[in-house]
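Okay, so subunit A shows up in both of these, paired with subunit B first and subunit C after.
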Partner chain A sequence: MTTETMVRPAVADSGAKRSELLAQRVRAARWFLVPMLVALAIVAGWPLLRSIWFSFTDASLNDLYGAEFIGFDNYLRWQTLESGRTIYRGLLVDDAWWNAVWNTVRFAVISVSIEAVLGIIVALVLNAEFKGRGLVRAAILIPWAIPTIVSARMWGWMLNDQFGIINDIMLRLGLISQKIAWTASTDTAMTAVLIVDIWKTTPFMALLVLAGLQMIPKDIYEAADIDGVHPVKQFFRITLPLVRPALMVAIIFRVLDALRIFDLIYVLTPNSPATETMSVLARENLFDFDNFAYGSAQSTLLFFIIALFTIVYIWLGRVNFDGGDR
Partner chain B sequence: MAKIELKDIRKSFGAVEVIKGVSLDIRSGEFMVFVGPSGCGKSTLLRLISGLEDITAGEMSFDGQVVNALTPSKRGIAMVFQSYALYPHMTVYENMAFGLTLEKGKPKEEIKKRVHRAAEMLQISDYLDRLPKQLSGGQRQRVAIGRAITRDPRVFLFDEPLSNLDAALRVATRIEIAKLHESMRDTTMVYVTHDQVEAMTLADRICVLRDGLVEQVGTPMELYEKPDSMFVAGFIGSPKMNFISGKLAEGFNAPTVGVRGEHLVIKPSDGVWSGEVIHSENLGSDSYIYVNVGSEEPVVVREDGATKHAVGEHVEIAPIDGRVHRFDKAGKPIR
Partner chain C sequence: MKINKMLVGLLTSVALGGGVAHAAELAMVSGDTGTGLEFLRGQLDRFEEETGHTVTIVPMPSSTSDQFGQYRLWLAAGNSDIDVYQTDVIWAPQLADQFLDLSEAAADVVDDHFPSIIESQTVDGKLVALPAFTDAPALYYRTDLLEKYGKEVPQTWAELEETAMEIMEGEREEGNQDMWGFVFQGNSYEGLTCNALEWVASHGGGQIVEADGTISINNPQAIEAVEQAAGWVGTIAPEGVLGYMEEESRGVWQLGNAVFMRNWPYAYALGNSDGSAIAGDFDVAPLPAGSGEEGRSAATLGGWNVAVSKYSPDPEAAIELAMFLSSADVQKERAINQSNLPTIESLYDDAEIAEAQPIIPNWKEIFQNAVPRPSAPTQSNYNEVSSMFWGAVHETLSGNGTAAENLELLELDLADIKGDSW
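And now, the complex of A and B:
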């Protein structure tokens, strides 16, 4: 008993001091977080909540504040006719919407896959030592540095069916027998958009992968040489696993971007059902067709689809944003 | 089991010649240590033997077979790197087995046996499932050594394997490596270090390098007792050999004489040199007394136990008979 009473105050004392220090750290951390949380709440949280709210109303551009709550009607409503037939309406049964979802997902999967492969190849090249590497590294960034509107216009001209250089070159090489309306034809519009997006964002992918590559110590490749590991095996067994964390982060950045794609398609292939994505369609409804509530519902669904993608990706890929792998 | 012969080996990086014509025979099963100051080319020479660098000129052969154009894996070597160079994403077991699993037709059982044997030798059997980052520096270095053992090499190469370890661990691992050499008598080992203590304690023979050339090759005691130059005399042995030149060396009929601290005694009178004690270091087992006798650097005298000589005291010192090294103007010994 005596020892207990002797010891206890000392322990309690040191415990109190430690928690005092901890509390101070937590307080400091909170203060540092406040500006960001406030900014996020204003520029992201509030608009998001407003959009979600509008999606449950009958809001129109003329009367945003007089909007009334109509429940899930924008998403799905049904009406049973006197004949006994039930008619479903709303976003969830809208073919145009599902076409846009399909376009977006297809675009995201194809463009990001190709960008990832090309990005790795470019990064491997840039990681090798050769004369003029600095210049090439800078030059490869140019597509990424050009504003999307500018590059979309530029490619629009190059892909032009009458005067475009791409048709001209392909004709001269004998690859095609007649000029193709790349951006206007529904068969080729998606290809055109993919080409431009891949051209534009491969450098971004390459740079993130390159950063990952440069983190890999050179000496383990020497160890692999001594182990007699073939260079191709070195890539798949050493380089790829070690660059994987960087690659996963690069891919998720690109997937999020690709699922939201708007500007490139809006400029390069306006009004083409073959390339109309969720963002393009939502904007159309919000502002062009005066279906503000319906557009809000689309925006809300777009948000949840992207969130779902991200969660599934992180879960499947076990992406560790704290850095490192396993 | 391999005898390594180097014939006039040269290596240039661009316009800079780093290895300037090295000829050296490394005997089969021998523990050869390359030692020298930084920039002397010792690591480059090791990398030439490993095949990680191309030989610019000259001929290298293992057991009579010219290996100039052979890749590292075809030379039958294993190498332990200063930085361990473990594969960070593989477990200890995978690190050790990786090279073997890629060899065609190697049965899994055989690989497992080899890895476990090596792991037992180095007492890392408990860590086989761990990743390198979960190990301490000393454990990582053991894994690196284990990976090399698993390859069952003809030639075992070490590139400053102890430099990244703390002092206590360095001594312990040094002993491990010495034991390893005992248990792998057939394997030729080549070891690079800048630490002359490692060289003296591990080597069958030491090769002292300087500016891309061999300065002297010999057993540790040969280098200690009969250095071929002032450079070797100064590099081998701790504390560094005292060099006394000019007037103070006249009595020995040489431009410069060298005497090791352990071969000097402090006398009450009739010393060869005399001066004031300017500093003393007491290590418990012995002490180093720095005496200013008028030479460029103070002369270091080693005494057993704690010293009785205080700073400021005037002392007379003399070399033990026959323990004086005489050097000519070019730094070569006069014998």
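And now, the complex of A and C:
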């Protein structure tokens, strides 16, 4: 505020002075940005570049520094057999990898869609005025506050087929006739993971949407009420468009998280091909299988898939991170 | 680093030479199953008292696959925080470069241990780890139920199926809807490799990859064995067995809801502990044999060892600790308290052990049928091989494809990993 009031008279004075001041501010801004850029380069840029580098080598964990460059062999290589058949090998033709990509995308789309809808509903409820609202607002955040490892373990026991409480309740209610092996059976493993993820992250969605809701001026609704606009129409014509910027940001946060999902699946359904995601598969190759270079290639591809997705989303959704619609 | 190590070595030798051992602060990692950590703490207290060193336990998850990933990471990074690692019998070829050679320190005691176990921990002449206890699974059965239905302990898998079915149905009719015939470890992890290797080997179907490196898994006996096991899921075993590890199957068993269980010796002491629904009502026998001419009982060789990290800042004290944990003294305590099997041959004739854990002498027989997992021939590829094997078996158990289809694919995948040689 103070800078603006100081700058404004200068603007009126002369153009030369203005540009000098502006340049000064830009210089100052750069200096303020330097620590963050350095930190980012060290903790994000360098490891990323190294991973990409390793994906073009034959590195193994026992001998990281003796790695030799082998080009794109980890991604795709081929050899022609004596019979004339050409055999393709590498990440781009690896069924396990594409299965993991499909699992990840499926998980991200389903979980984020449901979380968004539930998040809006919860936010609308929390935005209404009722007694004990503060308490409910705090209580609803609990699933989000519990560390994922803990909630995954907790749900693991609740979903246990023999002594899990979920099966017990459903049996007593007569919803199922036989105990379901939630995390073990390939048919239900993904459902189990989705249940836990939705339970955990709906509060996060609700919180961001709630923040958006509170920015909407009350007088718009008053005007709509006077004009006799139906509440459902009010929601679709007033609430949704105005809360959209906040919602879009919340969704992209969630999608990025969902595409990287690791901990929940690693604890709840380890090694199950029905839920194995890109991150889980990459870790397995990196550390368990001694295929460090191949795992690096998977991590690299994972990075590019997420980057591509983000760019497309921002471009299509016109998400403006400066706040408000473009 | 080098100077540091030399300095430590120098100081240690001076200290030892002077007859005053210096006090070191050590850290060891160990997975947790049942009451294993509690016991370990008790032994370490004794060690601390005797030597003046202090030892911190860093507890790890019970899944060996999880532990391995973490250790591999720490060792690759040259982590010096952990001095002593508790290692699975299959890890020696994969982590040999990261551990100290113990053959000199243990020269006087190696001959007391079973030669096959020492051999499994020796890589290119380097003794990578000292055995702490060995493990071979057995068939746990309910003596009260077998008696009630007038049944014998099953000698073959087919007999087990039949007996399990009959008792399970009988008990269910009497009102125990949660009763099951057989529980084992069917989750997709290293434990399934152990279980399935037993099925395959007991049918005379080989050991997945033979000692000379040939891939043998795609054969009629192996297919028959896996197919038979697939028939158990949803009939005598709960469908959830596809997600069970050791502790989950013990959970069902110890509540009294299973007639038979395949598990490691640790479940014996726990099954007889206070609060167990089946204390005194069960016994163990060798695992059933497969059908066919080459049918025999087979048990996967397990077991845990102690290895010293080459990044330990205090290797002398760490080796001292490793020696202590594999000593006859501690192994005897372990056998009495934890029903863990000793690796020292003479302890099987020990009167005190026989009195406290009468099953341990029985295990000598099971131990004679032990089959090693193919960690030696497949070397650093073992984890991937094992993962593909348990993956193929898990698919078959889940009903995705027949054993014949999955094992044929497995053979192809293994050949791919193998390339020209392992």
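Operating definition for what follows: the second predicted complex is superposed on the first by the 309 of 326 C-alpha atoms of A that agree within 3 Å, B and C clash if a C-alpha of one lies under 4 Å from a C-alpha of the other, contacts with A are read in each partner's own complex, and residues count from 1 in each chain.
Definition applied: contacts are C-beta pairs under 8 Å (C-beta built on N, C-alpha and C of every residue); 3 or more make two chains touch, one makes a residue touch a chain.
From a predicted model like this one, the values you see are computed outputs, not experimental measurements.
**Q** Give one word, clash or fit, describing how subunit B and subunit C relate on subunit A after superposing.
**A** Fit: subunit B and subunit C sit side by side once superposed on subunit A.
**Q** With both structures superposed, pick whichever of subunit B and subunit C touches the larger number of subunit A residues.
**A** After superposition, C is the partner touching more of subunit A.
**Q** For A:L61, decide between first (touching subunit B), second (touching subunit C), both and neither.
**A** After superposition on chain A, A:L61 lies in contact with subunit C alone.
**Q** Touching A:L48, do we find subunit B (first), subunit C (second), both, or neither?
**A** neither
**Q** Using the superposition on chain A described above, determine whether A:D288 touches subunit B (first), subunit C (second), both, or neither.
**A** So A:D288 only meets subunit C here.
**Q** Is A:S185 touching the first partner subunit B, the second partner subunit C, both, or neither of them?
**A** Once the two structures are laid over each other on A, A:S185 reaches subunit C alone.
**Q** So, A:P241: does it touch subunit B (first), subunit C (second), both, or neither?
**A** A:P241 sits against subunit B, while subunit C stays out of touch.
**Q** Can A:L124 be said to touch subunit B (first), subunit C (second), both, or neither?
**A** It touches nothing on subunit B or subunit C.
**Q** Considering only the touch criterion stated at the top, classify A:I114 as touching first (subunit B), second (subunit C), both, or neither.
**A** neither
**Q** Touching A:V93, do we find subunit B (first), subunit C (second), both, or neither?
**A** So A:V93 meets neither subunit B nor subunit C here.
**Q** To be precise, I mean the smallest distance between any C-alpha of subunit B and any C-alpha of subunit C in the superposed model; what is it in Å?
**A** Between subunit B and subunit C, the minimum C-alpha distance equals 52 Å.
**Q** Please output the residues of subunit B touching subunit A within their complex, sorted ascending.
**A** 50-52, 71-74, 77-79, 81, 83, 85-89, 98-99, 102-103, 131, 147, 151
**Q** Using the touch definition up top, name the residues of subunit A that touch subunit B in the complex.
**A** 217, 219-220, 222-230, 233, 237-238, 241-242, 325-326
**Q** Give every residue of subunit C touching subunit A within the complex, in rising order.
**A** 63, 65-66, 68-69, 72-73, 76, 94, 97-98, 178, 186-189, 238-244, 248, 251-252, 255, 257, 380-381, 383-384, 387, 390-391, 394-395, 398, 400, 416
**Q** Considering only the defined contacts, which subunit A positions touch subunit C in the complex?
**A** Touch list, subunit A to subunit C: 60-62, 64, 89, 160-163, 179-181, 183-186, 269-273, 283-284, 287-291.
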